[in-house]
Amino acid sequence: MLIRVINPNTTRSMTEKIGASAQRVAAPGTRIIAVNPDSGPVSIESHFDEAISAVGVAEEVRKGERDGTDAYVIACFGDPGLLAARELTRAPVIGIAEAAFHLATMIATRFSVVTTLGRTGIIAEHLLQSYGFAHHCRRVRAAEIPVLDLEDDGACALERIVAECRRAKAEDGIGAIVLGCGGMADLADEIREAVGLPIVEGVTAAVKLAETLVSLRLGTSKHGDLAFPPAKRFTGQFEHLSAQPGS
Amino acid sequence: MLIRVINPNTTRSMTEKIGASAQRVAAPGTRIIAVNPDSGPVSIESHFDEAISAVGVAEEVRKGERDGTDAYVIACFGDPGLLAARELTRAPVIGIAEAAFHLATMIATRFSVVTTLGRTGIIAEHLLQSYGFAHHCRRVRAAEIPVLDLEDDGACALERIVAECRRAKAEDGIGAIVLGCGGMADLADEIREAVGLPIVEGVTAAVKLAETLVSLRLGTSKHGDLAFPPAKRFTGQFEHLSAQPGS
Amino acid sequence: MLIRVINPNTTRSMTEKIGASAQRVAAPGTRIIAVNPDSGPVSIESHFDEAISAVGVAEEVRKGERDGTDAYVIACFGDPGLLAARELTRAPVIGIAEAAFHLATMIATRFSVVTTLGRTGIIAEHLLQSYGFAHHCRRVRAAEIPVLDLEDDGACALERIVAECRRAKAEDGIGAIVLGCGGMADLADEIREAVGLPIVEGVTAAVKLAETLVSLRLGTSKHGDLAFPPAKRFTGQFEHLSAQPGS
Amino acid sequence: MLIRVINPNTTRSMTEKIGASAQRVAAPGTRIIAVNPDSGPVSIESHFDEAISAVGVAEEVRKGERDGTDAYVIACFGDPGLLAARELTRAPVIGIAEAAFHLATMIATRFSVVTTLGRTGIIAEHLLQSYGFAHHCRRVRAAEIPVLDLEDDGACALERIVAECRRAKAEDGIGAIVLGCGGMADLADEIREAVGLPIVEGVTAAVKLAETLVSLRLGTSKHGDLAFPPAKRFTGQFEHLSAQPGS
Amino acid sequence: MLIRVINPNTTRSMTEKIGASAQRVAAPGTRIIAVNPDSGPVSIESHFDEAISAVGVAEEVRKGERDGTDAYVIACFGDPGLLAARELTRAPVIGIAEAAFHLATMIATRFSVVTTLGRTGIIAEHLLQSYGFAHHCRRVRAAEIPVLDLEDDGACALERIVAECRRAKAEDGIGAIVLGCGGMADLADEIREAVGLPIVEGVTAAVKLAETLVSLRLGTSKHGDLAFPPAKRFTGQFEHLSAQPGS
Amino acid sequence: MLIRVINPNTTRSMTEKIGASAQRVAAPGTRIIAVNPDSGPVSIESHFDEAISAVGVAEEVRKGERDGTDAYVIACFGDPGLLAARELTRAPVIGIAEAAFHLATMIATRFSVVTTLGRTGIIAEHLLQSYGFAHHCRRVRAAEIPVLDLEDDGACALERIVAECRRAKAEDGIGAIVLGCGGMADLADEIREAVGLPIVEGVTAAVKLAETLVSLRLGTSKHGDLAFPPAKRFTGQFEHLSAQPGS
């Protein structure tokens, strides 16, 4: 099984870290390709970053279609371009935010989210509402760490995340914590140990859900609004999108 | 990995069918034990049947704890005893209704449920609301088949389910259908072929989600309301429950 | 009018206390029979306790049917087995949690719940959502008292409940408090006096609602999902349930 | 116990009919006074009628306060002036719409409303949402009968209501019907018999709920937003309201 | 264009202040008539005040209809009589609470409300729920100022409002604040400057929305539940309402 | 006042039509610049088209910032890139879907949407839920017209839209209809006349709301999650986005 894990930002070190986390939990027969777009923001910390990154996500799905990809993972906590990506393929596409939310509800009746920056908390709130998990989530918290500080070994990122998770454990009346950034994929075990709560991390969650859907032969429905997009002309720098897969 | 698939009713043939479906999708290293309680209703078609069956579910989890079980599946579409079962173990416990709902939202923006009897539709509605999936589900439909007719080869069960699924496809504006009974586990492929829509079947969905949680080392949270129940005395026919696992 | 007040746990002293509270508010023509199952947990402090206790609730309804019972009250704040019980009878069945929530909304625009243990707060939250009262309730609070401490005269239970109620009054912006445990039935007056807020207690609320429904000749609907359960075989220790009332 | 049943419209024959229905279900010690304002619309079939009628409701509560009233019922299905009335008294105040909705959820998992005119259906919808019962109600239906036709013996009102109720029973998947007009108070029994479903009628429901609250010594909370209104000057035709009860 | 701005209370100085605020933002061709009823409360600080004031609102709309009014604004934060007023005219009618809520969601993802008295916060909460904005609003706060203190130059009203707004900015995670009283119309600029957040004030918001609807030739729909009320007799002091505009 | 109306697709004729509709309703002092990106899809009929078009929307906002733009309108019914666009400017940004929904709730208690293709109905449903208008909308309907057929004079688009609107009027119990495509901007008057209901069209609605916000000096909040995005490097074809306005 070939799973294409798409890091929607263009920071290669983060892509590698995400890929390693994905591979670590993958089943024996699963091959992980971790990629990132050539074009896009080096980190995603705003609605704007997210909007731009969705193009790269779509491009990577289109590339993946040429490689016989069995499933896709979108490895940014805002799930950018999720529905667009689903339209482009018969394979399943899983976002790491949705993946983490789904699994968190299976092991705890209430959870909190600990994300990087306060300003991106609203993205998690919107997803929680749209997916239907708002009442399962007690609180969206931020450790106030810029995303790329997670790439910087010297930074005190882990410490701050653990501190915020401990506050969540003490104050929120929860049973689990969802980590709100793909860049935290390698920290889940340490956080779990330090905090003493189940920690749901989205990249690893999404890989296993992708495997789950593939093994059940459940792909993105091509009946209804996730069918391949109507073929049409794109102009300018997006002209190459005119011929769409599946159409 | 050892997964205990609990059929909450006491019809052995259905347990075997469910077990076979579970085994068919299990990963190479997964061993499925399909069990049903000694005591309980032969089928679950009412709130009453469901309430009684929850005792057997709990008993089977307690037995499973003595066997080193890694995960549990509750194979009845009302997810009877789900939260109680979770309290009794550190292992993950997955209900087939929740499993099917979760996966359906990953491959379609809207789905319908096709269950057995109209009177049990309310159970699905309550779960959809409680889990947060009410707005993803267009309609809960019933093929009006008694559960045990699904065990009877000569019955026209498949035909009626397919007919209802086709109506759902034509009228509901959906991308996928969730089968609303554990006893339909062996029919999913035939229905999919006949209807031309992704069909999400709960037993198989739950087994893969259980594997997912185990492989991510995510067990039921023992912090908060899913912690082991306070030890206490039970009386009468439930006296043997006084000593509880984990407590 | 004969009302069967069912204490779902098996602690006889609590049953008596509940019965006395029920009798104190009953109308002249109402006879209260306070019962508890022979089998089950001595207190209900977990999803597991609740699931087991639902069997006893159903058994007590079945017994009640043989006695010409006019209405039933389920006197545990989780309303265990409520829908199952309703299926078994044409008489009305009222849970004490629902009873208290309903009445609280009639005398205040917002209320808080003060229950025993924090871990059971989630049960109240689930009921509030399912019944539709989530937005009327500001907060579910716990006095952190084990249920059976309410039976122990020397315990400081009352003091702790009053303290928590006072915090609710000071902080929550509410007009009334709902007591979240059947075992608090005898404390309502003292709490009301100490706190200076309307205190809604479920046992007494449920008895009056039961009388209300009976006097209006409104019984549980036998059209639709609360009709008598389909007759079927039960096995093992539940074999005696095979012949069901009304079927 | 003295219950003041306020018909918010000024049609005396309807007030008498409502009063008779109220008296029929009242407990032995309960005295019903059925009143209507001197000033206001002869029937309530619009938001405008409702707004004007709220003044009369408040006036009647103020009159009732001088008479030592124990509880109030507002006998129009829009519950006009309900929160205002509650502010004016320590006694409980019950609207017939809320009363009927509350009781309906206790005897059926889903109900429909059958009201008079389609244009007033929105009032019921708004109340259902505000009270929290929207998901319990399948459909708000109208028999398309002007309210005062219910006062006219020769009219075919009953026939049309029964026909609409039968459609509700056949199509809506419900267990009970709520009658959506105080003027239908005397028809409930005939409708129940003709339709074969529990019929919840608001006037009778509200009287019994009022008795319930009084007997439990639960009055409108005077802590928070239902406290007596701040004393102040009213001008013009409302000058007499300047001195308010309780303030 | 003629806009009738109705202050639902009878304090003339407040009407003038509201009128001046309205005029200040009106388009060149817009003429503002600021009025208040002759009869009613001098301020609106309770459900009761609000109910009475709705009559005056309706009266003022009826007067406005004789003057060729193009749009109406109801300048009290509870939007009293809004739907009734809409029934009485083909012109648009805008409440200042709804106006402020709508605009706040266009400039911020989350806002808080700062109102006068804590006891009226519930009115804002009910409107937020009914209009659909509950999840956009983080918190309803009160500066605990009686409404008429806003008319008193010497009062420290501005200071207290600013202090509460600053708390909202610091604690609520918001992007904007909605002022919760028509009497604050003249303070918005000072508050904005002092707090450093967008301040949405309802009177000015409603005037511009009224102009918007008029210029788009969008009037209150006369199809369905906002059609002119059925003509009927009113009695007593409301007899003059019997002949209704448009009917 | 300068309003930049951004047609997110690249069909120039549609941009001109939208611009003309915008200009027709603009206030005397308002200058409309109607633009479309150079790059992107020629029409927007899928999640994929929408995701790509968001880039062009952001680019057009950035251009607009260099021109002293006072407000922006995003003229596609999915409001693509709305929150991203808001981050890029202190000016208000209005989507045509939100604009139409807001105004529709001010003139009718319930509305339906009539859009182009059934497959894009889900986009409207998601927006209705996210904005809070789900319960105001009875139904999202499609006339099943490809977007570019709206540009084709010979097409029977108008006829099909009118037919669908008439079905909505007859069946949905509504007071107004929202047109679900920017390409219908020039048809609103004809549809209104043919259908006999208020027709809310988004482009014209958004222009007036933009004028409203500007005249009230209410711009996008720069406090919180709509503040300018953190400055950062973009790579590849998006490198020019590295220097962001306001940062």
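Should a chain be cited, it is by its letter among A, B, C, D, E and F, assigned in written order, with residues numbered from 1 in that chain.
In this section, a contact is a pair of C-beta atoms (placed from the backbone, for glycine too) under 8 Å apart; a residue touches a chain by one contact, two chains touch by 3 or more.
Here the structure is a predicted model, which is why all the values come from computation and not from measurement.
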Chain copies touching (chain C, chain D) - same or different residues, decided at half shared: same
Comparison of A-E and D-E by number of C-beta pairs in contact, larger one: D-E
Centre-of-Cα separation between chain D and chain B, whole angstrom: 44
Whole-Å gap between the CA centroids of chain A and chain D: 52
Interchain centroid distance [CA atoms averaged], chain A/chain B, Å: 28
Set of chain C residues in contact with two or more other chains: 83, 86, 109-110, 118, 121-122, 129, 134-135, 173, 224-226
Chain pairs in mutual contact under the definition given at the outset: A-B, A-C, A-E, A-F, B-C, B-D, B-F, C-D, C-E, D-E, D-F, E-F
Chain F residues touching chain E - in the complex, by the definition given at the top: 25, 27-28, 83, 86, 92, 94, 98, 102-103, 105-110, 131-136, 169, 173-176, 196-198, 200, 204-205, 208-209, 211-213, 215-216, 218-221, 223-226
Chain B residues touching chain F - in the complex, by the definition given at the top: 109-110, 135, 173
Chain F residues within the chain A interface of the complex: 10, 37-43, 45-52, 54-55, 57-58, 81, 83-84, 86-88, 118-123, 126, 129-130, 146, 224-227, 229-230, 232-239, 241, 244
Sites on chain D touched by chain F in the complex: 118, 121-122, 129, 134
